[in-house]
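Each of the two complexes below includes subunit A, the first together with subunit B, the second together with subunit C.
Our next item is the complex of A and B:
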């Protein structure tokens, strides 16, 4: 009954103390990206017209987000009255934005007045210029304060809109910025599809971003499309899921056919440069699909996954290179392939066997050790006679398919994504298999799984071996694509990148892993400005995901259920409780009014 | 119930005969390889007795640095049962900040006249900076995850590690920073036939003083008692009126301060640091912590010294004896092999017995 009593209390639409706190957090964030040089680097890239560089857009977005986050309604339990957002949200947002802007202004004044460039390499006069709109620190501070306040107010004002308009607005902003940021991608696509006029219409020059006139037009058009088309995608997905039997199979086949046609046409649409970016992403995707089995299915966190990548790359290089250091049988890719897989399986067993009894964090560290050992061995003079030491192995031939040699990135795309499809299929097949269920059981509780008769040794070793084979094929692709292998290509950063792909995409989820690889590896290849900050962003993304969404962006449904088990149970209880109350109130017609 | 558990355990034991055989094979093979290598190295007379002693001193100095960093790992593990992967970066922050402080001081009169005072000042700054980073890290990244599954904080700490590395790169540049020369640390002392460079002596003395103070702090003070209580059982410690959050913050603060001090000492001994300097010493310090028995403060010190010495002696003693060319290239590999072997064969370490059950 306590629930009913509190529900008549006036619910607040905003927690006022949030504004200064969120403002300060975002102030620190904007100062941070200025201090590490992101603002300086991004300033060279124009997004919309010549006035809106990437750094300005980023800072503006942060101020806007400050306003939006500051006006987040306080948590409300089901059954309580939902507060109507009031216009004071605009004020609250503007306070948060103004605080962030003022902090950035103070930072600019500090950088301008004290010379500590010897320590902080990015504290340059140019940075001050960018931050203060070249207006001097006094006027610049004022401008930052006002702009921050205005953007923050806008962020708060968005809360007053209906959900449908808000969603369409966000979609429009996001797509417009995406069009500007990924100019290289869209230009290429428009040109291949004979839509050159779009390129001329939208963009200024080869890399100048959207033009001042096209940007608002695009934004409005996208807004209308998003507004009208809202819910269609979701409906289509639920429609597809709802299909039964024959109809579902037909829909799946049709979907696969469309996917294959798109994949087949993609390299021609994308052109050489973008295809090579896709190839790099594809190589990581092969590894990520393998690690997805190890982490996502079997629950074994492997931080030394690069070892298997190296085994694949080096085995195929030694066997196929025309200038191998000592031993070079000069096989082709296809004849070497069984040996690559065998070597990888052996490596998987070698790593997997000693760690059978380990779980969790110790396993992670041991595998990390194995990964580094692999790199140090390839780097050493000790094995230089077979592995080439620091010089690596050169002249790895391209992959022959029939009478052709796959040299161009566009041709290579097919073989990489052929393997991706194969691995994706294997993953789906395994998921439903006896082994897949054994992995699930083992991941959730090893002791119970063992007691239920799951063969833990076999399950773990299979996970390691399959993961190793997939990674080794990624490594082989890498070696044949680049044509040389060096020890430095196999450091810990590769392992971490693959772990980030799997975790951010969603452990155990194939679509998640695919999107993860494309976004986390493919995109940075296109956005050269990001290269320097790539691993910084990986770090931020990892922390953020673990704090806010540990199941990943596109979670596997099973994994999500596991992680949110308690919450789901609680929600179910609460829903039942409120339902019961509503019924009671409906019976006795004098219940408190509800919105 | 007990019988059931026993049956399961027995079955688990039966499942592993092949694996156990393989592991015994590895164990015996390694012992033979080590004995073989050592025998041939010693009989070949490639290095003089003095050279061996120098290697030992070098190993101890390096091990002292590892021990300081290992304390951070071991204390956090003892209290929270999680590997703070980003601790190596806390160490790196001390090393990088130490460069800027010593570099700035090296242009003042203080550096000429009272270098030890200058170094103490630098030590203080490094400890404070690293301590703040460690405490902030705990507050922002780890505290919200206190009750989540065990892999989640580990993955967070990997993210934090990369975040800190590339933040330092962005803030201070990617170039390698070379510490200023320290004239007062150039000589050497003779001690029982060991020739100890002054800078090595400084590291050993400073590390010993810091470690002894830490030991006394944890064993003798009230706050130390609180730390031990929280490590034993958080819930009961809370019931006894201990502020668990503050105690955990203090653990991170102590670990961070040790790591900051280690960073400066590392910079003074090896001379140059960059934003990536935290990774290898971090892993090695973790190895030391496990080697000594994770969660055990004395163990971390012992493990650090052991690993430092093994790593320093290993290439010349074992690898060179096995006719492996340029054995010093594989110095880091010795540390990693040690890590893998300790975790596989004796995850409880030399001194630790306490944590076996909770760990698995």
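Our next item is the complex of A and C:
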């Protein structure tokens, strides 16, 4: 008992029971990604030289993270001394890493000895080979145990570093891996900027990743840059926020101009392949900006958003295709545009009206149904004469702009970019308007919004209609970019992707939605290895965000308001208030008593 | 003529009579308190006036128009937003603000029924839109300034959720007042306030009439407030009006004492 009492008095630097628990969790994680074939697929992709494949890097990263998470300091209670991290953390980290490594080793032995490939198709001898470094299961197990332990120890050791070194280290690791992973992106950018020497320096002699010689040099260089440059960005941001009136406006305009120039030059820097990835991300971004109004502003969880995407794509296809199934007026994109928007508005009313009285979960389920209905109608024989049934509609012409037709991905980028700018402006314009406030009020408390004079029917229908029009333009872009539309392009996955973009990016925030679309749609387009695991990635990102950062990557202004600023302002106010009260009381004691 | 007249109002929830044949008339410029034990039907009464609950029977007559056009309309069956448009605004017993909106925005929402700019004018930033937006802002800040320095200044851009309980109540009243109502319904305006704040608010309720020309109906449990502000007190019990009159009349009424304290045990 005496021992227990003294240990309570002393603040601990680590919770010892975490090591086995976290080790086991990460053990399960590494087994899981091996079992579903992720490790096998990623092994073909080199990251650093040919020795470090993507799967090795991923497994190593997980072992390192196990050590780091296991040594997380316990919450500090008030009145206790803040514990200094001790070298013990290295040991704790290494235990966690060793447990994860050992579990993976046992898994390899299991896969090697029992044949259950009939059920688990990924349990192949190749997988065992990858996991055991081709050294046989016995030695492989030992190697995994030792490597896990070493990496876990490294994860724990990071806790002993000063915050500044730690941040620089993480930045260096992150950027190095990013350079290796996005080799295709960086090569293209360096080459178009006439920086070929950088390409040669970084990637020469490597097939899809950094070369063995360049990787350590790059990591060290990045570490030094990150260490020296720390705090600069934050200082620049606070400096910008500190600017007043005219100066701030000038800075904003300058920033916007620079951004526009960069974005204007982007397709040429990125080349054809990367531009087409941007176009796909842009199409989703158009939809996400629309859904941002429906979910982020008005708080209406619409899970059938693909319906409006389909309406846009099919309307423009029917009106412009040179080989439409029924009637083909063969309009151009621009002359068809008003009809597309009208059709979308009508669809918005059609979906919005029956769900006027529904909220939350019920609304989500019913809209989910509407999304499926839209797909089934395009697939049906009933409408096959106009919509082409399963064959869809082919020969949707490119978008004409003046004398040019936008055929190339690089050219297409500009029109999508133009619409994104327009939608972003509309979002900002509506945010500070009568309807924007009505939507926000409705999201916060519908009954009270109505009691305060907001016409709920109009507010809801406008949200649906506006969201529908924005999604339909995304759909039209899609149709003209691809040139054909098929029913299977409009499945529920589209709806889910767009919802995930909005939630992960940050509800109600335009920059958040842009980042969300680039990360969740653009990145997987670049990393073909991830294609199979795209939804696993979405799931992981979504869970992580909900636990650690529910307000999204870049939260909207209102959600990120810093408590600190409020406190400072409140203190100033309190001081003035107490002063005022004191004066009042001094005056009150001589004058007649107030009641 | 009464500005607000309730005739034969009746409402059953399942088998429970929440409001039973209620007749109440409120004159223009009056301050009327509605009191009664818990569950007497006070809040249900407010909900029925504002259209949030539809009564089974009865009329709620509101005086509208000026001069020769003066007349009464029955507002039963109208939506809450229409009721607000006709000039009845309310606050809620369990303060219901738009928590993730700023204090200014909270009040600006209440101007919705008094403004008309649509989506297109907001996107095009028309002259009409900018004028209306400016006016909405000024009116909102005016309404907030009624409560002194507490809700203005740096507070205008803070989220409603950051306010103290008493300030939330004040914000809710400011929000209701910003809609330019004729009749203001306050549901327990001083709940959760300390004696000093309560005294101050009592004074402000008087000012709502003298400065803003409002007719005020309030539900209140604090008898000091009731005594301080009311021209007339109405006592409800089990959905019926059991007494009505000045505070002194009501306070000595045996029915009221019985409703609050129970019947004397007789041998």
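FYI, the second predicted complex is superposed on the first by the 540 of 595 C-alpha atoms of A that agree within 3 Å, B and C clash if a C-alpha of one lies under 4 Å from a C-alpha of the other, contacts with A are read in each partner's own complex, and residues count from 1 in each chain.
Here, contacts are C-beta pairs under 8 Å (C-beta built on N, C-alpha and C of every residue); 3 or more make two chains touch, one makes a residue touch a chain.
None of these values were measured; they are calculated from a predicted model.
Enquirer: Could you tell me if A:437 is touching subunit B, subunit C, both of them or neither one (first, second, both, neither)?
Expert: Second partner only.
Enquirer: Could you look at A:356 and tell me whether it touches subunit B, subunit C, both or neither (first, second, both, neither)?
Expert: first
Enquirer: Quick check on the superposed pair: does A:452 touch subunit B, subunit C, both, or neither? Answer first, second, both or neither.
Expert: In the superposition, A:452 touches subunit C alone.
Enquirer: With the two complexes superposed on chain A, say which partner A:289 touches: subunit B (first), subunit C (second), both, or neither.
Expert: Touch partners of A:289: none, neither subunit B nor subunit C.
Enquirer: Please indicate which partner A:466 is in contact with in the superposed arrangement: first for subunit B, second for subunit C, both, or neither.
Expert: In the superposition, A:466 contacts subunit C only.
Enquirer: Would you check which partner chain A:547 touches, where first means subunit B only, second means subunit C only, and both and neither mean what they say?
Expert: In the superposition, A:547 contacts subunit B only.
Enquirer: Just checking: does A:429 make contact with subunit B only, subunit C only, both, or neither of them? Give me first, second, both or neither.
Expert: second
Enquirer: Per the contact definition in the header, classify A:494: touching subunit B only (first), subunit C only (second), both, or neither.
Expert: Neither partner.
Enquirer: A:382 in the overlay: touching subunit B, subunit C, both, or neither? Say first, second, both or neither.
Expert: first
Enquirer: Kindly list the residues of subunit A that each of subunit B and subunit C touches, one partner per complex.
Expert: 447, 450-451, 455-456
Enquirer: With touch defined as at the start, can you tell me which subunit A residues reach subunit C in the complex?
Expert: Against subunit C, the touching part of subunit A is residues 425-426, 429-430, 432-438, 440-441, 444-445, 447-456, 462, 466, 558-559, 561, 566, 569, 572-573, 577, 594-595.
Enquirer: State the interface residues of subunit B toward subunit A in the complex, per the touch definition above.
Expert: Listed in rising order, the residues of subunit B that touch subunit A are 8, 11-12, 15-16, 19, 22-23, 26, 82-83, 100, 141, 144-145, 148, 150-156, 158-167, 169-173, 279, 283, 286, 324-326, 329-330, 332-333, 336-337, 339-340, 343-344, 347, 359-360.
Enquirer: Using the touch definition up top, name the residues of subunit C that touch subunit A in the complex.
Expert: That would be residues 50, 52, 79-81, 84-85, 89-90, 92, 96-102, 105, 108-115, 117-119, 122-123, 125, 129, 132-133, 136, 149, 153-155, 158-159, 162, 175-176, 179, 199 of subunit C.
Enquirer: Which part of subunit A faces subunit B closely enough to touch in the complex?
Expert: Against subunit B, the touching part of subunit A is residues 32, 35-38, 119-122, 301, 303, 353-362, 364-366, 368-370, 372-373, 376-377, 379-382, 447, 450-451, 455-457, 492, 496, 499, 503, 532-533, 535-536, 538-543, 546-547, 550.
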